[in-house]
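Here it is: the structure, laid out below.
Note that the chains are named A, B, C, D, E and F in the order they appear, and that numbering of residues resets to 1 at the start of each chain.
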């Protein structure tokens, strides 16, 4: 079956960023997202995920390359100075290219 | 140490698809899998993961490229019309190439 | 915004390996990590994740390519004979290259 | 006590008020969430407690008094799809597979509605047969099987829009789910445990499974309010027909249930409970089974109808309605 | 009973000892963990129980007796930032935004400290007004709003170091959080449910929400000990000033609270509770709101102060201190 | 009461029947699951409750009456590996490292088996020394340390098939795990809390930690049945020798324990509990420690033996056996 090249953008951020990040994804044109709680450690110290308020979220979104660029730009400009978070993009192949 | 090129296939699907997807993986020759519950939103609407029955699963499997092709084919033909799900493949490098 | 090439190293291992793996990451120079519990099956049998002691962890770390090599080497030599685990590396693009 | 008084007393019970609080929290988009394991824990507790209590009551009452109403309850559940399906097809103009799916939900039952009804009867001081949980246990599956068969006969494509993963395995999967699915297994299993333990076993676990039960139910209904509230937005998608269907069908099925209860020798309380069971629609076991065996059916339709319309309706109005009907019938 | 006796009795209560055990476990790096859903479940239980109980008490006491102290409690909470902010700026030499953030935390309240105080009063046989949970409910938000405004006025950059995602939406988000945030919603909601149900509703859920309450609190404080203990390492990062601040401010605010309680007609127990509320610092609602609306403020400072200093201080010493003060004032 | 009567009474208790239900659910591959946080919550509750209760009893009995049997219990645990290891080597022809690992498991103890035994004694009206939880606390670790040392002496490669991550750190890790591991810390910690609080503290938390205890245990054993049932398939992999070992060793160790109990002055109930402790095999603390310190040992062998063979065996037969033995000895 034919596959299409897309970007998988992964964001790991403190739970408080949930609302704004999902708003951003929607406004940038993502057609879906996947999310789950994670524990982590980084420049912002440890996030032991013992309390919902102190947990991290990993948010994954499959998007077209141009959307991924927009998202990375806006994350870097608006979100990184504000929240403890990282983001990275990777190449993936999907079926049904028009879905994303 | 020498690494080998493999495919990481990621499937995000509604929890009801768990049994059939794992059966598919086994029958296609995967030697293992990893699975965890996730929240998500897509064409099938939001899946808030508030009830076990309404949750999503993310299933990850590392396989040889040819197995990944078979899996994608069968997912597209047999599963996509039936379940809310997405699947994407990515290139990864592993140690112990014969393990997968 | 400018992105930088990094490696995303993913480790899936039995929960008992948590301490040693995190120690390894720190000593090899990783600046952070992300971790969450997963269910799985592999050569070491099924890990149904019904008891904390029998669960698997997925540990993700974004590092420079050279650090990833060191990590893979040490994982293969010191950890694979000892714990039920797999590890794979993938190419990712990040913002803020100096963070990792 | 008039029907109005009864409704009012029910609306001011902690269980119903906490349900309303949950709906409110979902509607104002509060960040209040019950983590999924908490939901699972509460469900397991409620099913085990109600099953066990029913089993002990069954051990005391003896099978001789239970088999007839139990059989009638099963038959009632299995037959409900036969009248709801044509209504859904003709009046609602729904696709065959959607009609079959919804019919299956309304023939099956909602354990939480049943539990809330026992709660209500206790509050108004109405005695009831505790072994009624046995009816809950046997009514869950039959209608699902009937609905699946109806759906497959009516629209053969539904059986295989795509080559089914595992071929005919999916019908086998439904039967397995119907017998070994989480809720049936917990209910029937705890019932059997209760029968084997009898009152002596009950004495040991009563402070956990009985004394705090009503409070746990109140907390759980807060969560159910959240769950239902999150799906209120889907009401717009299902249309006026399903809205009416979700509130009128319980009235009819409830009356049938109460009548069958009386006909098979149950007391006023037991007949009320059988009415509530018939009136209730499944939103756990049925969706799981239908999703697998009738994948073409639209989940928004059957889930919204059973979870966002019929469940709140029964919780607030359906339960006192069945009780009022039974009191009138037994007067 | 002297202050010393009271402190000792408090230190030997299961609640405080289990807290100490949790701190110990964190310090020796035990692998003991409470999974997050368990924490969430315990919090929901405690907030619902305390809110519901308060509501029932409110229904019995009538609004007439509650509105004045409740209003005074709100005012007290809102005013606390106005004296703590300058102290944090001048004496502590903290950045404006950090000072505002910390001031918000100390004006707001900690539900767990309040619950532990009711626990303490019960243990020493001191009656108190159960409707005091209403003060807890109304004191959570005002100081947060004041703190956010202070922070934005004092350091306009704080409002937008980077173009805010959603523009001025973030102030709206604070207000939404203040009214519909998890803990406020559960508290106020359960309070309202309790008012509507009254004693009849209480009778039904008492075996779940009241009888085992103290035991659940003990278990929860074990977890809170773990949570606080994990952050003890941050004490080094916050410096001596915040350490002193976190222990002296509760003494001052506690005295203010007790005095306001007496002035507005509360009994000895109620005044003690109002003192404890004033003395306590929020570590759930305030951090969540501040993180979103004053992102420049350093979380290590406000979290460590409220969670790792003031919370243990109040739990062990602050509560008996407020009680002793009230007894002296009412003598 | 004959042994047969006792076994039958035990088999018909809610705890054992719910365990059987769990095994059944796993065997028929039901989708019933207890989420891991629920399991963790139940374990924490049971360990804290049993430890706290034991501590209060200890405070009442005084150390003078407890130190001797406690010391004897520790010694017994530490010595059991010295006779089981050679049996595993010579009769079972197991590799040295596997023999050492299994010996460690059988010298250590299972808290759930102990709790089920207290449950059983209560049901048959047999009084027992509540401070016996202290024996549970001290018997968990010694045998693990002995087993690890045995395994390393017997097969030096086991200490380092690969350069150990952290060098000799892994032995230090075992000691840390033995003293600060989750279950030891909860048990010993709650015991100390109980000693410090005494009966006054107990009065406060009794409705949570004591009254509903038996019911919680029944629910937990349902989950343990699932856990054990999922590993039944591994029985085929371990062979007939381990099957026999897992059922005969408890008989011998149980007898030893009962005898040590009598010799050190315990009553009939206490001796029964010491017998059950000796008979039981660890499946939580020991696997964790062995996995880290003897990574060459095959987990399927030690886990299946302790969890899928000895645990169900003791739960159903071992407990009444120890009680019958004690009654015979004390007759």
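Rule of thumb we're sticking to: a contact is a pair of C-beta atoms (placed from the backbone, for glycine too) under 8 Å apart; a residue touches a chain by one contact, two chains touch by 3 or more.
The shown structure was predicted, so the numbers you read here are calculated from the model rather than taken from an experiment.
**Student:** Would you pick out the chains that touch chain D and also touch chain E?
**Tutor:** F
**Student:** Determine the set of chains touching chain A that also touch chain F.
**Tutor:** Both-contact set = C, E.
**Student:** Based on mean C-alpha positions, I'd like to know which chain lies farthest from chain E.
**Tutor:** It is B.
**Student:** By the contact definition above, name the pair with the higher C-beta contact count: A-E or E-F.
**Tutor:** Between A-E and E-F, the larger count of C-beta pairs in contact belongs to E-F.
**Student:** Using the average of all C-alpha atoms in each chain as its centre, how far is it in Å between chain A and chain D?
**Tutor:** Distance between chain centres: 39 Å.
**Student:** Averaged over CA atoms, how far is the centre of chain C from the centre of chain F? Could you give it in whole Å?
**Tutor:** The separation of the two C-alpha centroids amounts to 34 Å.
**Student:** Scan chain F for residues touching two or more other chains and write them down.
**Tutor:** Where chain F meets two or more other chains at a single residue, that happens at 33-38, 40-41, 211-212.
**Student:** Please set out, as single numbers or ranges, the residues of chain A touching at least two other chains.
**Tutor:** 36-37, 52, 77, 90-91
**Student:** What are the touching chain pairs in this one?
**Tutor:** A-B, A-C, A-E, B-C, B-D, C-F, D-E, D-F, E-F
**Student:** Chain B touches which residues of chain D in the complex?
**Tutor:** By the definition above, chain D touches chain B via 33-34, 36, 39-40, 161-166, 173, 223, 226-227, 230, 234, 284, 287-288, 291-292, 295, 299-300.
**Student:** Applying the document's contact rule, which stretches of chain B touch chain D when the two form their complex?
**Tutor:** 14, 16, 19-20, 23-24, 37, 44-46, 48-53, 55, 77-79, 81-83
**Student:** Of all residues in chain B, which touch chain C in the complex?
**Tutor:** 1, 3, 6, 8, 31-36, 62, 90-96, 99
**Student:** Spell out the residues on chain D that touch chain F in their complex, using ranges where they run on.
**Tutor:** 35-38, 40-41, 44-45, 48, 52, 176-177, 180-182, 185-186, 189-190, 192-193, 196-197, 201, 204-209, 211-212
**Student:** Given the complex with chain C, which residues does chain A contribute to the contact?
**Tutor:** 10, 12, 36-43, 56, 58, 72-73, 75-77, 80, 86-91
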